[in-house]
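Paired with chain B in one complex and with chain C in the other, chain A is shared by the two complexes that follow.
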Partner chain A sequence: MKVILKDLSKHFGNVKAVNNLNLEINDGEFIALLGPSGCGKTTTLLTVAGLYKPTRGYIYFNDRIVNEVSPKDRKIGMVFQSYALYPHMTVFDNITFPLKLKKTPREDRKRKALDVARLVHIEGLLNRKPAQLSGGQQQRVALCRALIKEPEILLLDEPLSNLDAKLRAAMRSELKRLQKDLSITTIFVTHDQVEAMTMADRVAVMNEGVLQQFSNPDELYNYPKSLFVAGFIGSPSINLIDVSLARSNGKFFLKGKGVQIELPREISSRVESNSLSPQLVFGIRPEHITVNQKKEGIKAEVYVVEPLGRENLVTIKTSDISLKVLTSPTLKIGPEEKVWIDFNLDKIMLFDKETGRSLLLR
Partner chain B sequence: MAKGWLKIRPHWFFLSPGVLLISFFYFIPVVLVFVIAFTNMDQAFNWRFVGLANFSRLFTLRDPLIPRIIKNTIVYIVGALPLTIIGALLISLLTMRVNRTASLFFRAVFFLPRLIPPVVWGFLWMWSFEGTRYGVFNSILGSFGLPIIHWFIKFPMLIVIFANGFLGISLAMLIFTSAIASIPRDYLWAAEIDGASFWQTSRFVIIPLLRWPIMTMTAWHLMSFINSYVYIFLITGGGPYHATEVWALYGYNTAFKNYQYGYGSSIMVVLVVINVLLLITLLRSFGMKKMIERSRIEA
Partner chain C sequence: MKKVLGKWTIYISLSLIAIPFLVMYIAFFMQAFSKGITLGVIPQKFGFSNFSFLWNPIPWGLERTSIWGIFLNTVLFASISGFVVTIVCTLAGYALSRLEFRGKVFFLSLQLMLHAITGQILLIAIFFLLFYTKLLYKIPGVALARASLEIPLGIWMAKGFFDTVPWDVERAAIMDGCTRFQVWYMIFLPIIKPGIGALFIWGFLFAWHDFIYVYTLLSGTVPLLSTMLQGLLATEVVDYGVIAALSFFYMLPPLILFVFLQKVLMKAPIMGGKGIA
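And now, the complex of A and B:
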């Protein structure tokens, strides 16, 4: 089922929880709604589910407007952040609750319950009560209850956030695999960017009720449309430096505190046509800065070295700015050592300081 | 020295007013009732011990009223208890469906009986069902040109059940609505998405989650209906002709209307024993300990 949100808004009094949201989700696609706490992810999901009525705008399932369709007729399966498993029912009764309401015969209920339980390997737990299950098992039960109805849309509200790190990583791949096997259109809410990036086909980044960017993980990481997305995506996060654009002898320079970078011709022409004010923000990811001891580039000093195993996260200070850099562990450097840094100019990002918009994208 | 004494056992000092009050008003009366139950104390407070005479009068049915009193008590409880619990549940569930203001209004209305002094509440019912044409319902009937009904002669027990049931409802409803309000919203949403109607949600989700409040209120009102006779006393006094006389009221009437203090006390002793047995049964079967430990709803 294709899902389209058109100019969707949901306000609670003065709070614009969701503001003018436009999304087009393809049939069978797995998308993530990503954003900081309180940005309106859950509200969006509940509006798609029909539990909230939109203040404005439309929700289409395929070509049909479903604004007035009640939740039970929307063919959705939903997993709540709290899982919302009924504590007084066994796992079996929880899973088959939707079927019981439809007066499905007990034999069919049993068969279907076993089928979905096998999908997520909980067929041995059917007689337990939710309180006797671990968080991961509860999460699977909740998933089963959503799947048993054979929904056309799956809505998941932070289903992994209550799990410990290891289980979360395991469930990530399992859930992704399951979604691909069943090819149910899925909206997955999370505030964890790693989760969003690793699982979803496309990620919708939201902030304060407004959609910031809706694209695939690669594009989101390498071509963020705004300062917010650039800063939100990526861990360790991107280096952002306030600079101003200066021009001399037909060349463009970025000037910040203690740094001066000459822009390649390709970039400078694009910046010139896009920028409205000379106040810019220069962004570069930690892996796109190289550190050398051969006195090439900008002179700087090592502040801290944090070994991450595969690589080291090094904080470097030059004049007043500090930068995060990822280096190979083979590069032996320590605090207060003098080093030289170089930017990979193909990978830099530039944003208008005022509007936060990227200046490098058309 | 007072100071030294205080230092050693200050808690006794602070407890003493309470202990004295409780022993004076609770403990001593119970002991007195038990003693008097074995006497033939009468109007003039003349008494001597008569052994088990009072009890044998009760249990061998030499008192012809006893079967009637027992039947009344059972009918009264079997009527008023479900009315209270089911009525309160219905009202609490229905107030979920209306908007906040309306729900507050209805809950306030059903809570009113608790705020009205018992005498006024009793009088309201008496006056409403007054058998002459001056009673509220009879004057309504009269205004439609219908003949009056002798309510208290025709439906004495029903009136008494409803008068007490509404009081029960007001408390139970308060407990149930607050318990419903504390049910996580996600449960209700999950049920809604899964296609549950309002009644299905109530039956399969809400009511099971209210198990403990329902049990508490059932136990509470069972005890209350067995022991309290104030409203029956005020509305019918047990009449007409013992039609609404329940066990507790019979004990009262025997002692304070017929001045058979000895016999009245023995009736009350039976009530106390029933209470103790009931309490033990309730504690056992409901797991009252668990009930006290647990949160109000299973969430």
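And now, the complex of A and C:
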């Protein structure tokens, strides 16, 4: 089922929980709604589910407007942020509750319950009460209850956020696999960027009710459209430095506190045509800065070294600016050592300080 | 040393406070279970002769009344009150907890105000109300009136129970295909069962112990245990032994009800999500 949100808004009094959202989700696609707490992810999901009425805008399933269709007729399976299992029912009764309401015969219910339970390996827990289950098991039960309806759309509201790190990683790949096997159109809400980037085909980044960018993980990471997305995506996060654009002898320079970078020709021409104000923000990811001891580039001093295992995260100070850099563990440096840094100019990002828009994208 | 002294002062002062109550209870049991008594507390001979009303009708002026008819009347009266309180409060509590409508806050504060008014003030009005609706001197009518006194606070209690059920559980039920009524009946009621038990006991107990309403609106025609006790006191020869025994009998049913429902009542409503162990 294809899902299209057109100019969708949901307001609670003065709070614009969702503001003019436009999304087009393809049949069988797995998309993530990513954003900080309170940005309107759950509200979006509940509106798609039909539990909230949109203040404005339309929801299409395929070519049909479903604004007035009741939640139970939308063929949606949903897993709630708190799982929302029925505490007074056994796991079996929980899973088969949707079928019971449809008056499915008990034999069919039993068979289907076993089928979905096997899918997520909880066939041994059917007689327990939710209170006797671990968080991970509760999550699987909630998933079963959503899947047993054979939904055409699956809505998942932070289903992994209550699990410990190891279980979360395991469930991540399991869920992704399951979604591909069943090829159900899925909207997955999360505030964890790693989850979003690793699982989803495309990621919609939201902030304060407004969609910031909707693209595949690679594009999101390498070509963020706005300052917010650049800062939100990536861990360790991107280095951002306030700079101003200066021009001399036909060349363009970025000038900040203690740094001066000459811009390559093709970048400078694009910046010049896009930029409205001379105040810019220069962004570069930690892996795109190289550190050397051969006196090439900008002189700086090591502040701290944090070993991450595969690489080291080094904080470097030059004049008043501090930068995060990823280095190979073979590079032996310690605090207060003098080093020289170089930016990979192919990978830099530039944003308009006022609007936050990227200046390098058309 | 100082600490020990402090502890003892607490014990002694608490005991002093407890003494009057203890004496009252001891005297009460002595009265009920002895054949005669001197100086108010010292029993002469233990026995169950005071309880003879259980198998013999009680002389009541020229008539003789059996205790069991009166007992059944009281049970009926208290049960109707309990049921009415339970049904009205679970319906109203659900609406106030889950639905948005105009005047909701006003309605809730109104309930608190109504609760603050003592029931006796309403007696005369209720008398006429029952009189014109032809419910006066009838158990169902008076039980209804009695229940209405407990409904304001009961609604608040019920709202509290419904509030403990997370919104997501209700949403999940709607997604699964429940109608509003099915959500109420299949999800809420089973989860808040203990609360419903508490509401029933609440409505039952107040009616069971009520005197003033029963005395004004029922007495004469339909005696209940409370008015009967009063009747025994109002006779010329007061037999304190029998009164104590009857009081003992009067307090047993609520006690038994409590013991039976204790298990349900103690099980506080549980949530439908993570973090419940």
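A few comments on the model shown:
We take it that the second predicted complex is superposed on the first by the 362 of 362 C-alpha atoms of A that agree within 3 Å, B and C clash if a C-alpha of one lies under 4 Å from a C-alpha of the other, contacts with A are read in each partner's own complex, and residues count from 1 in each chain.
Operating definition for what follows: contacts are C-beta pairs under 8 Å (C-beta built on N, C-alpha and C of every residue); 3 or more make two chains touch, one makes a residue touch a chain.
Only a predicted model underlies this, so the values are computations on that prediction, with no experimental measurement involved.
Overlap between chain B and chain C is detected when the two structures are superposed via chain A. By the touch criterion stated above, A:Lys72 is placed in contact with chain B and with chain C alike. Of the two partner chains placed around the shared chain by superposition, chain C is the only one that A:Gly135 touches, whereas chain B remains out of contact. Contact with chain C, but none with chain B, is seen for A:Asn162 once the two complexes are overlaid on the shared chain.
In the superposition on chain A, A:His88 makes contact with both chain B and chain C. Touch criterion not met for A:Gly334: it reaches neither chain B nor chain C. In the superposition on chain A, A:Arg145 makes contact with both chain B and chain C.
Note: residues 46, 49, 51, 71-72, 76-78, 80-82, 84, 86-88, 97-98, 101-102, 145, 149 of chain A belong to the chain B contact set and to the chain C contact set alike, using the contact criterion stated above. Those residues of chain A whose C-beta lies close enough to touch chain C in the complex are 46, 49, 51, 71-72, 76-78, 80-88, 97-98, 101-102, 130-131, 135, 138, 145, 149, 162. Looking at the complex, you find that chain A touches chain B at residues 46, 49-51, 71-72, 76-78, 80-82, 84, 86-89, 97-98, 100-102, 145, 149. Chain contact summary for the complex, chain B toward chain A: residues 184, 186-187, 189-196, 200, 204-205, 208-209, 211, 298-299. On the chain C side of its complex with chain A, the touching residues are 166, 168-169, 171-178, 182, 187, 190-191, 193, 270-274, 276-277.
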